[in-house]
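Letters A, B and C mark the chains as written, and numbering starts fresh at 1 in each.
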Amino acid sequence: MNHPILVAENITKRFGAFVALKNVSVAFEAGRLTAIIGPNGAGKSTFFNVLTGAFAPTSGNVNYDGHDITGKKQHEFARMGIAKSFQITNLFPQLSVLENVRVAVQMRHSRFQLLTPRQSMKGLIDQAEGLLNLVGLSSYSSQTARDLAHGQQRCLEIAMALACDPKLLLLDEPTAGMSPEETLVMMDLIVRLADQRTVILVEHKMKLVMGICKRIIVLHHGEFLAEGTPDDVRANDEVKRVYLGQSI
Amino acid sequence: MTDLNLLLLQTVTGIALGSVYALLAIGLSLIFGMLTVVNFAHGAYFMVGAYIGVYVLSATGSFFASLLAVFFSTGLFGLLTERVLVRPLYGRGPDYPLLLTFGLSYVIIDVIRIIFGVEGLQSSTPAALQGSVNIGIGYFPIYRLFLIAAAAVIITALWLFIEKSRYGLIIRAGARDPEIVRILGIDVAKVWLLVFGLGTAIAGLSGVLAAPIRTVTPEMGIPVLVESFVVTVVGGMGSIGGAVIAGLLVGVVYSLTALYAPALAELSIFALMALVLVVRPQGLFGREGLME
Amino acid sequence: MEGAPSRTPYRLIATQVSRHRVAAVIAFLVVLPWLTPSHALAANILIFGLYAVGFNLLFGYTGLLSFGHAAFLGSGSYATGVVMVHYGWPWWLAIPAGITLAALIGLCMGYLVIRSRGIYFAMVTLALGQCVYFAFYKAEAITGGENGLRGVNVETIDLLGWKLDFQDPITKYFVMLVFVAAALWFVSRLLASPFGAVLESVRENEKRAAACGYDVARTKLLAFVISAAICGLAGALRALHLSIVPIDSLHYLTSGQVVMMSLLGGMGTFFGPFVGAATILWVEDVATILTKSWQLVVGVIFIIFVLFFPRGIWGSFLHWLGRR
């Protein structure tokens, strides 16, 4: 086993009386493509939001690279090398596709530079163009982000997440709402990205992740249910029970 | 009179002032909670309420008639505003309805100036409510006691309406998620229309109730708007209870500062607001994340 | 838009104007005194245009709607006036004093207001603006209270032996224009800088900006302070222009006025604030002669723009040019 890059310890999250996560402990290995799956209401998205710092857990903590990152502010995550894509597309809708990525790239270089023209910072533009190329959006760089097709917007979001050169990339249902063709393109992209960094994927459609992930974590009713390779998970009786009637 | 009695009397004065604040904040909060519209014309509806109230009172001599007239006229006026001006702006982000009601307040103020003149009206306390009465700690104006009672009655009625009635259930559900209301097969547009009208009607009622203790001028709504914002920020939007307690708190803080340091009275409520923002940014009773 | 291929002469003009936006605005301001019925109106447009530029930095570019900006215009005026009247500072030192006080008040207000979220912003800025109004109103010994601060007089300006008559309206206008031009250059550079990109990203999507690694609260605070400082400069110039500081400078209506100017002109455009300031002040000028109800006229125009032309005059014009 590789060393764990992200460790969730005894995570519990309550919303009022409702317990969304119950004492979940998971260690994510570095360099692996791991998926978090589970039926509707399993607590996947809540878990994702706790891992990425959008929600503070009611109890428990999250460690990244040996440091406790529970309760860190949102912007600190990107600076530590943790990037995410949202479940609902989240872009800068009125800016151009290139500018969306350029702003994201700029974070590591210049946050409070007030008087240098940004057009003169060629290096940033080149990096942004490189990322657009990677996700297959080069020919759309001057379009306004909100005019892109849904699948392209999701790809743009990934390019923005990559801009901070993350060691860890978390994706929340990256193929949600996509056509079958778009889904294939996205899956291919995710596999390529996982070559160079740790990727954690929250997914509803189990079939998708079985083929590409090395490791799968199953949540059910807010609790940890199973963990293992796709084959382990397929063979697991508990998992079969909760996914009753579905072919795994 | 002992110092303690003076302090207590001034506290009751603050409660009278605060009960008007509470009414205003409830109206504001109701509209916001449902429609995510910050009604910048809230002070203007307050002023219109005061004008109509004073006019009807002097014409009919009946204070009760003036209350009814104000409730229905400012309510109707609110319905018209929502239907004609605010509705086209839904879906364009919360800034636009806000800007619109802001522009509307300019128009309302000038229309009142044209109808009633720039000087303002002489408002008199209804005959039956004049004079003072000993409330154990000293003499206190009857009208202000009436004000507290009237606000309490209106707030209780609203609370019953929202917490216990079928319509109230729809309003509460809609404030959390308009989708739910739509799924239940209820016409959301109609609910929003009525809530806007109810909110402005309450603003109008606050105006007519406050008229005898304030000067009735076309500009009287401006400080009132500011004060109701302060109350809303202190209490946090979202609950009637929060608005009532914050309203009373702001009223009492104002009155007590006016007693001990008159020059700082106006500033005291802002200091209170600043303190709340530092200690508890979502307001004393606000739910976190409601405004996002 | 910039650098886009220009196929038609309209687009060519639009591209050239946006590329040289500072020069274009200054050219307009240079000829303005000969376009307006009075020099006083031109000076007013100059000052309120700058005030709207400062406001627009926050509203148009960062997406934060403040209803308390009179606090910055007013405190800029008062600080400039007070150091001249009470302490005998020269005018050129009094202007930075105005900018500094406005920026400091901006820092305090900004600290409080960024703690509140979303729609609270407009309410909290309005309330804090009113708080500043009362504070200056009550400090009568220094500020003159209700009567305003009188005697902010500048007779002549001595530039290394070259004496300019500051009482001459045209000379006064062009002296002020020098400061306005410098501020415009600064704002234009700021908007073109990486920080300008961060402002836009915060306006477009706060959550995403934070996920990209930007500290949204600090960005907003800095934008708030810079905006306040620019409005403070406008206030300082206004004190010199009027020779008095009226208490109205701090009033809610003065905060509202800049909101109207910004929207009417075109929020998020560089020239829009001046178009908005010119329109509102012109309408006020004409309407006050014809009717007492100029607020009614302005209010109705504003409502029509909110409903039907949210891009404002200049913004709609640019949009039209872009589609030709």
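The criterion applied here is as follows: a residue touches a chain if its C-beta (ideal position, glycine included) is under 8 Å from a C-beta of that chain, and two chains touch if they have at least 3 such contacts.
Since we're looking at a predicted model, the values are computed, not measured.
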| item | value |
| --- | --- |
| Contacts common to chain B and chain C (chain labels) | none |
| Chain ID, smallest distance between chain and overall C-alpha centroids | C |
| Whole-Å gap between the CA centroids of chain B and chain C | 32 |
| Separation of chain A from chain C, taking each centre as the mean of its C-alpha atoms, in whole Å | 42 |
| Inter-centroid spacing, chain B versus chain A (mean Cα positions, whole Å) | 46 |
| Chain B to chain C touching residues, read off their complex | 32, 36, 38, 40, 85, 88-89, 92, 94-96, 98-100, 102-107, 109-111, 113-114, 118, 222-223, 225-226, 229-230, 232-233, 263-264, 266-267, 270, 273-274, 277-278, 281-282, 291-292 |
| Parts of chain A lying in touch with chain C, wherever the complex brings them together | 73-79, 83-84, 86, 90-95, 99, 102-104, 106-119, 121, 142, 160-161, 163-164 |
| Touching residues on chain C, where the partner in the complex is chain A | 2-4, 189-190, 192-198, 200-201, 204-205, 207-216, 222 |
| Chain B contact footprint on chain C (complex, rising order) | 65, 67, 112-113, 115-120, 122-124, 126-128, 130-131, 134-135, 138, 252, 256, 259-260, 263, 292-293, 295-296, 298-300, 302-303, 306-307, 310 |
